[in-house]
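Residue numbering begins at 1 within each chain, and the chains themselves are lettered A, B and C in the order written.
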Amino acid sequence: MAALLLVFELIGTVAFAVSGAMTGLKKGMDLFGVSILGISCAVGGGIIRDLLLGITPPTTFLHPIYAAVAAVTALAVFLPPVRARVSATNRIFELLLLVMDSVGLGVFTVIGISTAASAGQSGNVFLMAFVGVITGVGGGVLRDVLAGNTPYIFIKHIYAVASLAGALPCAVLWNYIPHYALMLVSAALVITIRFLAAHYRWSLPK
Amino acid sequence: MAALLLVFELIGTVAFAVSGAMTGLKKGMDLFGVSILGISCAVGGGIIRDLLLGITPPTTFLHPIYAAVAAVTALAVFLPPVRARVSATNRIFELLLLVMDSVGLGVFTVIGISTAASAGQSGNVFLMAFVGVITGVGGGVLRDVLAGNTPYIFIKHIYAVASLAGALPCAVLWNYIPHYALMLVSAALVITIRFLAAHYRWSLPK
Amino acid sequence: MAALLLVFELIGTVAFAVSGAMTGLKKGMDLFGVSILGISCAVGGGIIRDLLLGITPPTTFLHPIYAAVAAVTALAVFLPPVRARVSATNRIFELLLLVMDSVGLGVFTVIGISTAASAGQSGNVFLMAFVGVITGVGGGVLRDVLAGNTPYIFIKHIYAVASLAGALPCAVLWNYIPHYALMLVSAALVITIRFLAAHYRWSLPK
């Protein structure tokens, strides 16, 4: 379980670091700006989650691995061959970014729920789902506020809704289904809904 | 006392949910964006307050009633007949929004002070007043930062000043006057100052 | 040691209050807006630091001296003779602002590390450096997000990098060198790098 969580968290970290770094590139930021946005997006959701649950210092501060992975990922995105494709708005690249962002959203949503349960809140379905969604979307909101963009959650219609759609069953079924399987299925649900919504341009009433 | 606090908090929640939802409508957001802004504005001040006082998880996360009331309120604002009036910038509607926002500001300011006192800080006047003002204006600041607007507190001149004008006497007199009466009078003071300032366009030196 | 820390923190508070207040003036804000930005910038980094370390209520809330010094400083900046020079973008004034901002960055970076060590984290180099940088740049980021500007750390190239350059040796050597000397040298390092980078327009690859 612990090993699975670590793998999950590293995948989400890489995914969101790519997303944050690419946002920095699109804004014409220098190496440091790109790194800060990559790291903020990757660890921001987890820091907010830990503060809400009273876990201080936040886990990110105790385990350099997450910030280090995010920094290396951001540097890789900054390399000239990668940058060139970003500016060319290559289609495959756009698709890759969508996949990464969806994976990060799904992974961090279920990790948020798992962390809330470990913090003694496994009997509180509402809290677990709420914390899950905030963990899932928090990094992206921090990224957008820092970069001066309107947060993604207000523009990409089915974004927080996708997180919520996975968070609710995960929180409700937490005490009845093995966590390992439940987290995998719930994360997959978030990723699928987010991906389909982006591909078929689903949207909510306006 | 507890029942009064609950009624107060629900009034403030509805008031700020309306204010957040209307900000979303004016930005042309979809149903989900409007809901998120409504909920953020309604519960944001309380979450910041609890984090500052070391109350984790924040009360909002333990009692779904507040987020639920905010969500239902935001949905109601989103209904076509309501929306139509918002876009027409109906005068009565503008007035109602001003009233709601003033009520929310006054109510959350005194609830912030009451929460700080309950958290063992009743001997610290400065802290109580500071926490009161942050609780009062916090939800609106979160709403504006998320929506990409310049925070209201920098534009509406007598806003945080009104909150402070009610917070100071409330914090100073906390240990000398029955809390029930003190909170009512202090909240009324905030609401009156805010309302008169908006109506007569009072402003500070520029 | 305690007296030195107090002097340090007051210097940083004045420096950042000036920087926040001048940002407000440049945005054409009124007296209250200028005060809020000055106070937010001066105490914001410390509040974020304390929340991350689990120190609640944050020190700023227990000792009114910091917010009071920041408020008086902001008021002084708002006085007509001062304001006139700000709008004239007087060269000496620009230089003074740069000096103040560099001093605040250096001072808050080492105070962040010292606070983390006092909170029982002196064995965790990564955490101390991370908290130091966040304390150093946090107030400025809060100022810029509230004012609706792109955060300074993304524009002034060697800014967070300067903080990090002082934070790393300070955190690594914390258990081996007297704190008094280490903090002075580390803060001086941050200030020097920041100042030279601004003067000679050093920048990172773009």
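As a convention for this text, a residue touches a chain if its C-beta (ideal position, glycine included) is under 8 Å from a C-beta of that chain, and two chains touch if they have at least 3 such contacts.
Remember, it's a predicted structure, so these values are computed and weren't measured experimentally.
**Student:** Once the Cα atoms of subunit B and subunit C are superposed, what angle does the rotation have, between 0 and 180 degrees and to the nearest 5?
**Tutor:** Resulting rotation angle: about 120 degrees.
**Student:** Could you check if the interface between copies subunit A and subunit B is built from the same residues on both sides, meaning over half shared, or from different ones?
**Tutor:** Interface between subunit A and subunit B is built from largely different residues.
**Student:** With chain centres defined as C-alpha means, what is the inter-centre distance between subunit A and subunit B in Å?
**Tutor:** Whole-Å distance between the two chain centres: 30.
**Student:** Which residue numbers or ranges of subunit C touch two or more of the other chains?
**Tutor:** 51, 54, 145
**Student:** Using the touch rule from the top, collect the residues of subunit A that touch subunit C in their complex.
**Tutor:** Residues 24, 27-33, 36-37, 47, 51, 54, 56-58, 61-62, 64, 67, 145-148.
**Student:** Could you please specify the touching residues of subunit B with respect to subunit C in the complex?
**Tutor:** For this pair, the touching residues of subunit B are 51-54, 121, 124, 126-127, 130-131, 141, 145, 149-151, 153-154, 157, 160-161, 203-206.
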